[in-house]
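Common to both upcoming complexes is chain A, partnered first by chain B, then by chain C.
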Partner chain A sequence: MSTNALSQHYAEQVQRLQDGLPGAIPEWLAGRRHGAAARFSEAGFPDPRQEEWKYTNVRPIATKPFMAAVSDAPVSEEALRAMGFEGLDAYRMVFVDGRLRTEFSDLGELPAGVTVQGLAEALASDPDPLEPLLGTLAHDRFSSFAAANMAFLTDGAVIRLGKGVRLERPLHLLIVGSAGSPATWSHPRVLIQAGEGSEATVIEHYADLEGASGFTNTVTELRAEAGAQLRHYLLQDHADSAYHVGSVFIQQRRDSRVTSHNVNLGGRLVRHDLNVDLTEPGAEIELNGLFLVGGRQHVDTHTRVHHSSPHTTSREQYRGIGQGHGRGVFKGRVLVERGAQKTDAQQHSANLLLSPNAEIDTKPELEIYADDVKCAHGATVGQLDETSMYYLRSRGIDAEAARGMLVFAFADEVLERMELAPVRTSIERRLAARLPEAGAIDVIG
Partner chain B sequence: MLKINNLQARVEAAEILKGIDLEVKAGEVHAIMGPNGSGKSTLCQVLGGRDGYEVTGGTVEFMGKDLFELEPEERAREGILLGFQYPVEIPGVKNIYLLKEAYNAQRKHRGEPEADTFQFLKLVREKLKTMQMDESFLHRAVNVGFSGGEKKRNEILQMLVLEPKLALLDETDSGLDIDALKVVSEGVNRLRSQDRAIVLVTHYQRLLSHIEPDFVHVLSDGRIIKSGDKTLAHELERNGYHGIIEEAA
Partner chain C sequence: MSTHSQDVEQLVKREYKYGFSTDIDQEILPPGLNEDVIRAISAKKHEPEFMLNWRLEAYRHWLTMKEPSWAHVHYPKIDYQAVSYYAAPKSDDDAPKSLDEVDPKLLETYEKLGIPLHERARLAGVAVDAVFDSVSVTTTFKEKLGEAGVIFCSFSEAVHNHPELVQKYLGTVVPSGDNYFAALNAAVFSDGSFVYIPKGVRCPMELSTYFRINAMDTGQFERTLIIAEEGSHVSYLEGCTAPQRDRNQLHAAVVELIALDDAEIKYSTVQNWYPGDEEGKGGIYNFVTKRGECRGRNSKISWTQVEAGSAITWKYPSCVLLGDNSVGEFYSVAVGNNMQQIDSGTKMIHVGKNTRSTIISKGISAGRANNAYRGLVKILGGAEGARNYTQCDSLLLGDRCGAHTYPYIEVKNPSAQVEHEATTSKIGDDQIFYLKQRGISEEDAVNMIVNGFCKEVFGELPMEFAVEAQALLAVSLEGAVG
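Right, the complex of A and B next:
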């Protein structure tokens, strides 16, 4: 028996699942779920002896008896509005404890060629078109969390953009946890299929209702066909008592362009894996990330950019801020395959420690098997610049306000890359509220 | 306004200021000149309150207050503004934001209501014109990507907005071409008034042909070795520091 063996609680959950898989689901799906359940059982939760989990011990997740929510939690429109983005004109899908709540969702008039629907509904009505999309990028061998997501799959979002279609308004997926007792776990899955030359913005946004301390285990599979342009926001603003593990898989074809904005503000224990495969020439990815860890928060982000074709480009900028006893981890791997000539990869990780008890580990990892490439990376962990502090103070700004300005400016260099001003402004406010030193921030100009 | 009495200071182990005496009154313009390493910048930083500059003796009074009792930001709010020799680049902080925060910090200190964005912009636009700066400067990060001349203009712009009682300009003329020097000097001349003092710290005489000082002091090896009127600057121009230093020794 492996040391990772699932606790009695999770072993029972898997057993119940395997007994209860309905016969109505198509064979391909039943097969994938059975396989995933078996892999989750066998591998158990990852442990810190595994290189990929060296800095993040998921024991707090593994030892809690999370359960699927049994009924729809009460939700108010007001609570949802407070979590949303003021001034954002967007299509909206709301998920509570992993299940779509159509009464709070608004998909208005979608343009022709665009399909947006709940995953449970899609699987119930017409599952077969999902066979090539669901679980094909996200191999559940990748991690036992991805396997658990497939095994316990309940609902999620399916977004399909036909050839050349442009979705003008962004799509806001608001995925929230409720204060269930016992604490709930949920396994939302987001599938995005961007057809040739299509264009859209999808905001995957995690938050919690008052008092939530659940576990959200997500998987996102995003395919960008030739020339598609996708902007993907991954915003994690959970309650500080909540747990989150998310795996994003992006596959890009010729001349496609994907921009990823990944912001982590909340959560007790959070892990993100962003996996990008640039499979054809001209594919371009931009990865922007910001995390703030304070209190006893732990946020770990792993990115893996795979340049598997020549003439592919990646631009990656991640920033972390640690205060209190916060703990942050960034590991960025860039892999340039043999033959992926003219790869242009840049990665930068900058981190700011505001407290002697905060810790951030950053680790760039370049693996290059081609000889005609441009690859650059840099990583820094430091404190606020003394000279800048002095300069601001010499203008009459007190030390506390000066510190706030500098910290905020540091974070804003990532946030200013966001195309959607209402999202950016709202994130800036939430960030400022979490920075004790930055109380007086008002943004002008 | 400013009374410096036997000021001594060191940076790390090195004793730099060895007893400076200087009095500056409202309405006066003083120039402190000296060769490299004479202690000019150290004097500015000590007056600004920068960490790492240790005062080992003497006193400095500003408007009757003991300067060394005040934090750097308090000194600024009391009315001392230091123009940096090397203005600091601050990525992510917009110029307008710094200006407004600094302006309002001062108003708050004086018990005046803070200016709103509209009022403030009106004020700043006027000052931008004096410094021949485009409004786009307001929305750029503080000094980031600015040329040497633009940085110095930005320092003077801050002075014009904040209207200090004492403007202390550290090598404001260094790195300026003749056109930028004119603009910067014009800005400083605008600051001249009966109730304001200006101290120019400079290596070269050329700034003084644009901003005429009332007093000139020569600093050498941490002491003021000679003081005079503006003709002293001309003498320096002719004979160099060497002559005056030898004469004083």
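Right, the complex of A and C next:
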């Protein structure tokens, strides 16, 4: 079975875990973690012969001896501030190497009916309410990485919104890696439960302190109850030497609406899996994504939208830009279950390939078992439109600046869907900085 | 809605028109596969040694391979030892010299299939190389083709008469170890067609082969090789029907096309093999490897297929665009009904500069059928200015079928333009209403809409085939609307 046996390094870590889980933890959790450890050890790291990993070889992760951080790394308030979003008035939780750092966090006055807690703290104080939330959407069998996250679970965020509560200010989860040596791996887990008719914005923001080259392996489980409205930002701005694998699971009930923004600007080797299950009529998901790969970056995003109930809607727009020796991968799957009539699913993947050494792979998939549906997808890979270039050039703009403008505009079509202006502006600035030719663009917030 | 489900009911109930079997003496090898069987096949066909060695090499490779399981199809495990790998009409030893000598029963079979050799050959100007099970029975219009220098004969004849061409090109597009079924084919293939168009020749007529699986439990493993020399042009048609049987029959064919500088090959298929009954019992397993290489500059290979039959279709006619400015095309209509499973599509591999490809795929699913498009568009680093356009549309008739699209797009050249579009829909109530309002019966309306849906593909078929394809579609949808 195990063609991808774990290296001795990881096998030892699993063994240590199986010998005894640290601290006093409830039985249900111990069971799940032991199961996950066994699963991780049995399946090993995926290899490119597996269809789901066809375009992404995780060997660099599998062969590096990542270790869990043993102590709190020194962090300066200043470094964290530099990663923040100027002008954003938000609740803040800061995680370093996967552990919550309360000294940098600020949850201020939360409205009644809202709980926001560190996962370690929640498990220590009152674990049982978490039993139905933790590891129930994210199954170990989903991937070895999801299993590893459960097995090596340390901390994360638990966000619970009561019925009808509206969280006015967004919640900013700043999850950063430090320059530990040996390089660290961390397994943050984010649990979001949005009660009936509640509303909130959660920003999952991954970044690194200078010199970091660690591996962040995250799992997010998000439940939107009937009528809930959630905006979920997944912003990955790691150091170019860092590794990231993230799996997001979204389950939506009747008339709930979730918007997901997934932006990838950093990272050496990045893989995202966004899994959405629309389980009741009226559920609606909007998926917006952008990746920019340059240098030797590799970013792979897989989305799966599962229409398991009639009258559900999905809108998906992913854009990618390939520069340098970068490789960008998008695989989007729309599955319409038997009986999920009146499904309306639109999916689009547009990509710009700007360098002879870059590569873009895209695979939009439709799997449909119901007849009364509207489903369409489209995918394009190409370069800048010549007529647009001509238009700009004819107005006295030099070729380089014109290119920069067009690439920026291409990416901005995804970014401009973001509701939070300070986040959008800040990302636009980072994007402009990453486009060699877009230096001239002055992003005005 | 109610009329629609009724339509589907009736559509599901349509019977296979071509279900009969011809009772003539056959020479059949006992079931089983080993090196001796391969030697026996090769010996029966009096093949030169290079062929036997090639077959054995393929067989040994096949033994090391695993049956692919990635396609969206499900079937019980095939027992390759239970299949007979060779069946030929007995009259093979004293092969007919002209149509008059052909076993009248055989001719009758073709008659029932709607291929009247005499008329068709004479009126339509089509040379038919009819493959009855494994051995080519008769070839017409050979002389006329001979005048133009075109070689159109059965594979066995080619092996004897033109071994240098066979040896030069066989397996160069689909190597013997290419995939599980191609390797099996290479080991045991019994016959097929061979076409060679010399330099600068425009083939004076459409070439056509009718394949037919007749004997029970014999796999048909034919192999087609078409070579179009510099500046030549050929259009090749292939049609398939098979009689009704309870057991699944395996069909693993290989087609290789080679187009040199400025050459053009157009390959059209109408496949209407027995799809199995309403419960999915019986039917043909159609596991086919078809690939063309545009080796020369400005060459063009165009695949057109109408896939209406077979219990399972596993088929990806592909183009490798090696020559600069070469063109690949794929036009497909795939109709799945009852328990049929289709996993079909194409691969366009762009290697040369300014290579262009077009993919138009129309999938129709009814009953409990699953119909998947699976395609690959790959632009390699050197394919400067490559261009691809892909359109995959699916039409669902009924709520128990499935339509799937799995396009792979891999681009390594920044000057390439690749576009993919796909839609899934059903026949709109408003469309039916519009047509009914104008006095068109519901059945005709559905036919009209479905034909319109497939129009882009039918337009690519040679005229005779287009008519047949439309008729086939109408038969498939017979009673589709009450």
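Please note the rule applied: the second predicted complex is superposed on the first by the 439 of 445 C-alpha atoms of A that agree within 3 Å, B and C clash if a C-alpha of one lies under 4 Å from a C-alpha of the other, contacts with A are read in each partner's own complex, and residues count from 1 in each chain.
Assume a residue touches a chain if its C-beta (ideal position, glycine included) is under 8 Å from a C-beta of that chain, and two chains touch if they have at least 3 such contacts.
A quick note: this is a predicted structure, and the numbers were derived from the prediction, not measured.
After superposition on chain A, the partners chain B and chain C are seen to fit next to each other with no clash. Contacts of A:398 after superposition: chain B is touched, whereas chain C is not reached. Look at A:387: by the touch rule set out above, it reaches chain B but stays clear of chain C. When the two complexes are overlaid on their common chain A, residue A:72 makes contact with neither chain B nor chain C. Of the two partner chains, neither chain B nor chain C is touched by A:12.
Of the two partner chains, neither chain B nor chain C is touched by A:168.
Look at A:372: by the touch rule set out above, it reaches chain C but stays clear of chain B. Set against each other, chain B and chain C touch different numbers of residues in chain A, with C touching more. Once chain A of one complex is fitted onto chain A of the other, the partner contacts of A:412 are limited to chain B, with no touch recorded for chain C.
The gap separating chain B from chain C at its narrowest, counted between C-alpha atoms of the superposed chains, is 15 angstrom. Residues of chain B touching chain A in their complex: 48-51, 71-73, 75-77, 81-82, 84, 87-88, 90-94, 96-98, 100-102, 105-106, 109, 117, 138-139, 141, 158, 162.
Within the complex formed with chain A, the residues of chain C that make contact are 70, 379, 381, 394, 396-426. Within the complex formed with chain B, the chain A residues making contact are 386-388, 390-399, 401-402, 405-406, 408-410, 412-413, 443-445.
Note for the complex: chain A touches chain C at residues 51, 322, 338-339, 341, 351, 353-383.
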